[in-house]
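In the part that follows, the structures are each spelled out as structure tokens.
Shared between the two complexes below is chain A, which has chain B as its partner in the first and chain C in the second.
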Partner chain A sequence: MSSANPGLAYEDTPPLSAPLRFFLTAPLFGICAGLVLLFGDGVLDSRWTPGALAAVHLLAAGFMLQVMIGALQQILPVVAGVRVPAVLGVAGSSHALLTFGATGLAGGLAFGLPDAIIGGAMLLLGGIGIFLIAALAGLIRSPSVKIASHAPRDLRLALIGLAVTAVLGLALAFAIGRGASLPIPLAQAVDLHAAWGWLGWGGILLAATSWVVVPMFQITPSYPARFTRWWAPVVLAGLVSWSLARSTAADGAGIVLGTALMLAFGAFTILTLRLQSRTRRSTPDAPFHAFRAAMLAMLAGIAALGANLVDDGGQWSVLAGVLILHGGFAGAISAMLYKIVPFLAWLNLTQAGIRAPNMKKLLPDIPVKQQLKLHLAVLAALVLGVFVAAAARIAGLLMLIEFGWLLLNMLRVVRNWQRARET
Partner chain B sequence: MTIVDARGLEPPEPFERAMEALAELQSGQQFTLLLDRMPHPLLRMLDRDGYRNEVSIRDDGAVEILIGRP
Partner chain C sequence: MSTIAELMTHDHRACDHDFARAETLAAENDWQGASEALEAFAHGLNAHFDAEEQQLFPAFEAATGMTQGPTQVMRGEHVDMRAALERLRAALQARDADDFAGEAETLLIMMQQHNMKEENILYPMCDARLAHAQDELCSHLSQMLAVEHAS
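Moving on, here comes the complex of A and B:
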């Protein structure tokens, strides 16, 4: 064993197993979402079918939440100078609760099992709660550090969004599973839950991560400071105002604020696309193109949401869900995973004083490129499946392969990491 | 004084450049590291291992770190 950095080692980053368990579990939920689409009947007929509710939660509370919580354990220390205390205990317990929670919730929604819906939602809230408390403890104990970016503040705002989404979700679980009465109609409560999940949690987290990751890995200019200074606080304030308008039946204000929120998210995606077009990379790699495609899918999803405001046809909301959840979030997350996981493996080897192989040896380009191409094919089949029921089954089959392949590619990194440790 | 410009590079290259420069640093010597962003793990590692470091953010947003070996 040769030492790459004699006398020097990182101690800040958590052990590889802490985030890795989330990254390796996440694709399993994508595979399950594929199975729901493959074997379910009329899953994409409306946003209210049991299959659609299950698939949405498999992707959002399963795939996305796993990756996002796993990545945060890595991002908080590196970007915000925050160390999550007892990181392995927090990772182990929150991972178990999130895994069983998302499985129970999605299973309950798919098969109409009230106890599974409530139990799953409570486990999810428990897993999220453990992580949030640990992150909060880390934030309080972390020394003040010079920060040249708004990412740390926006990561905290995203955690607020996650807490609101989770509490709304638990209230909905009790309303659906136990008939508990809500202060607002059920459909409105679902809209609040979805909007907080999409923008308050996912959107702000994606943006906060992008402030750092897009310039870092895609070698673009930085996001303008005046944009990053205001974007997340404005979106969060807008979301609170929109939620109040929706809850008090102020329809006019709700439409204006809802439109403003969509435009704000659209501005983030357009700015990201513009920055990407100014990359200093001579040959953009597959994750670069995948991230770009994810931003375009987000834009198309926002357009579908806009169409839903004008025309109340059920297909617009399903189309928006498909474009934003699968095309946008799953696409961007897959692209980020392909950067994060090899980097973590490299970092772990370096930490251990082992001369780490080149990143391209940890994960070659070709399988990444092929898997990301398949992601686009799945998205196309899903969009078609919104209008032609048979295509939804094809999309399900392809999605199953897509996430299985993602898992294999992650395992490829783990195998190469193990080999490097053994040599 | 040596300037290590690690801006515009994809991770982990900036870290590798910093490590190479540190490995060559003799007692009493120093170098300037230029980065696109604040390297929190590197700064804590420098503190832990007793390297002097002064961080400043330039007008163009670049992070400038003067690193010295005591």
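Moving on, here comes the complex of A and C:
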């Protein structure tokens, strides 16, 4: 790396093992979420059951967080010119902390163990903290250039969302585990934590990634510049305002701002679906369809949140959680994994001077298509499970197979990568 | 006059459209049409690489003194993509639709991660460091890029 240009990051790609460990661990949390649904009693009866809290955190702080942190190590250098320093050390330590943290937190929530909840939350915060500090160190040294794309800025905003979500989560862990008093009622603090995780972290990260991935990889028209310029800052400002309104019991303002945030996220999903419908690629593959299905699930999730505003029935918030977390984020993330992992294996072989099998030889279409179809079946069973308790167990069994299959498909790439190295 | 980033990003998109046309025709088993579209894509891609390697990168290296930095990485990736293009041509000649789809997918991802680095980092740096010669450089680059990509 040239000292005259200390932040220019892409002269060396992070070692394959840095992101891969996150991608291979992530599905294990999905499998555990399936087990919770399969063996737990009345898990989807409300958002407050121990099983529901455990399953949500297995998906959000386990599956999603692992993939997102792993992928950011690859995306930050390419999209934002940010080189994560000591990448293997950061990957190793944050991966271990996130893995034990999510396991402890989910286990603590499922079995009512206060120490595990607090310990898990602290480990999670530690893992997130290590990654954020490393990313910040890289950001400070990254080149300051004026560019048309807003993706690098929005990736930074998403990291703010992650930090807020994590700190709120730790405060909640102490409130639940030690009875620590919070300045606002517990239920409101949970809403803040969930909204920051969904929109401030996951939503902005998904959007920032989409600004780049959808037009370039799916060959669609670009997102309108005016939309990408304002969307993430407006959502973040809206979240701050909504949080203040909720914290000060300004209910009217809270409802207006909450509705505006839902509409903003809805606008992103609708715009993405419209752009994707104009793709120039004539042979959209299973991950493309899965990404679109994820956007539709997000929209349905927003509708469920809207229903929750007018009808206080507990099932609406559970339905929204199922649609947004499993249908939306887990679907979009699975679709992206099917592109990222074979490409990283291919890149690693090519950079080692080995003749690499093409992407579809590293990971054939058929198992990908079948696994993504199962994902939709699981979503349907989960939606049914919100209203019919017995269906939740079936959804759990299917979810266990879904994430097991995802893991097998990832391992298939690793096996083909190893074979290519040996020949 | 546009910036270097605008000019070269526009050419990336034009290459993408040629690529998508070749992919579409191959998927329809229109091998003659796919062959013509692929050659149009190859022409645009090579013209783009040549413009960078012969005009833009030397100007950047002269202005910054960085000869082993990002331009070297980009040159290396051009070599990889030229090799990927040859494999795509071979699949087309063999009329192997599966192999063509796999090679096309690989080249697309390789090309787009390369474009991301250029569009988000290298081109803006070129605009910043070569501002004094921007008009002249853009004019030279425009002459080297595929004519049919001009809008």
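Annotations for the structure displayed:
Here is the rule we use: the second predicted complex is superposed on the first by the 408 of 423 C-alpha atoms of A that agree within 3 Å, B and C clash if a C-alpha of one lies under 4 Å from a C-alpha of the other, contacts with A are read in each partner's own complex, and residues count from 1 in each chain.
Here is the rule we go by: a contact is a pair of C-beta atoms (placed from the backbone, for glycine too) under 8 Å apart; a residue touches a chain by one contact, two chains touch by 3 or more.
None of these values were measured; they are calculated from a predicted model.
Contacts of A:280 after superposition on the shared chain: both chain B and chain C are touched. In the superposition on chain A, A:227 contacts neither chain B nor chain C. By the touch criterion defined above, A:358 reaches chain C but does not reach chain B. Judged by the touch definition given at the top, the superposed model places A:149 against both chain B and chain C.
In the superposition on chain A, A:174 makes contact with neither chain B nor chain C. In the superposed model, A:100 lies in contact with neither chain B nor chain C. Once chain A of one complex is fitted onto chain A of the other, the partner contacts of A:343 extend to both chain B and chain C. In the superposition on chain A, the residues of chain A touched by chain B in one structure and by chain C in the other are 4-5, 8-11, 78-81, 145-149, 212, 216-217, 219, 280, 343, 346-347, 350, 359.
Considering their complex, residues 5-6, 9, 16-17, 19-21, 23-24, 27-28, 64-66, 68-70, 72-73, 80, 87, 98-99, 101-103, 105-106, 108-110, 112-113, 115-117, 119-121, 124-125, 127-128 of chain C touch chain A.
Considering their complex, residues 8-12, 15, 19, 22-23, 36-38, 40-41, 43-45, 48-49, 55, 57, 61, 63 of chain B touch chain A. Residue ranges on chain A touching chain C, taken from their complex, read 2, 4-5, 8-11, 78-81, 143, 145-149, 151-152, 212, 216-217, 219, 280-283, 285, 339, 343, 346-347, 350, 356, 358-361.
Taken in their complex, chain A has these residues touching chain B: 4-13, 77-81, 145-149, 212, 215-217, 219, 222, 225, 280, 343, 346-347, 350, 359.
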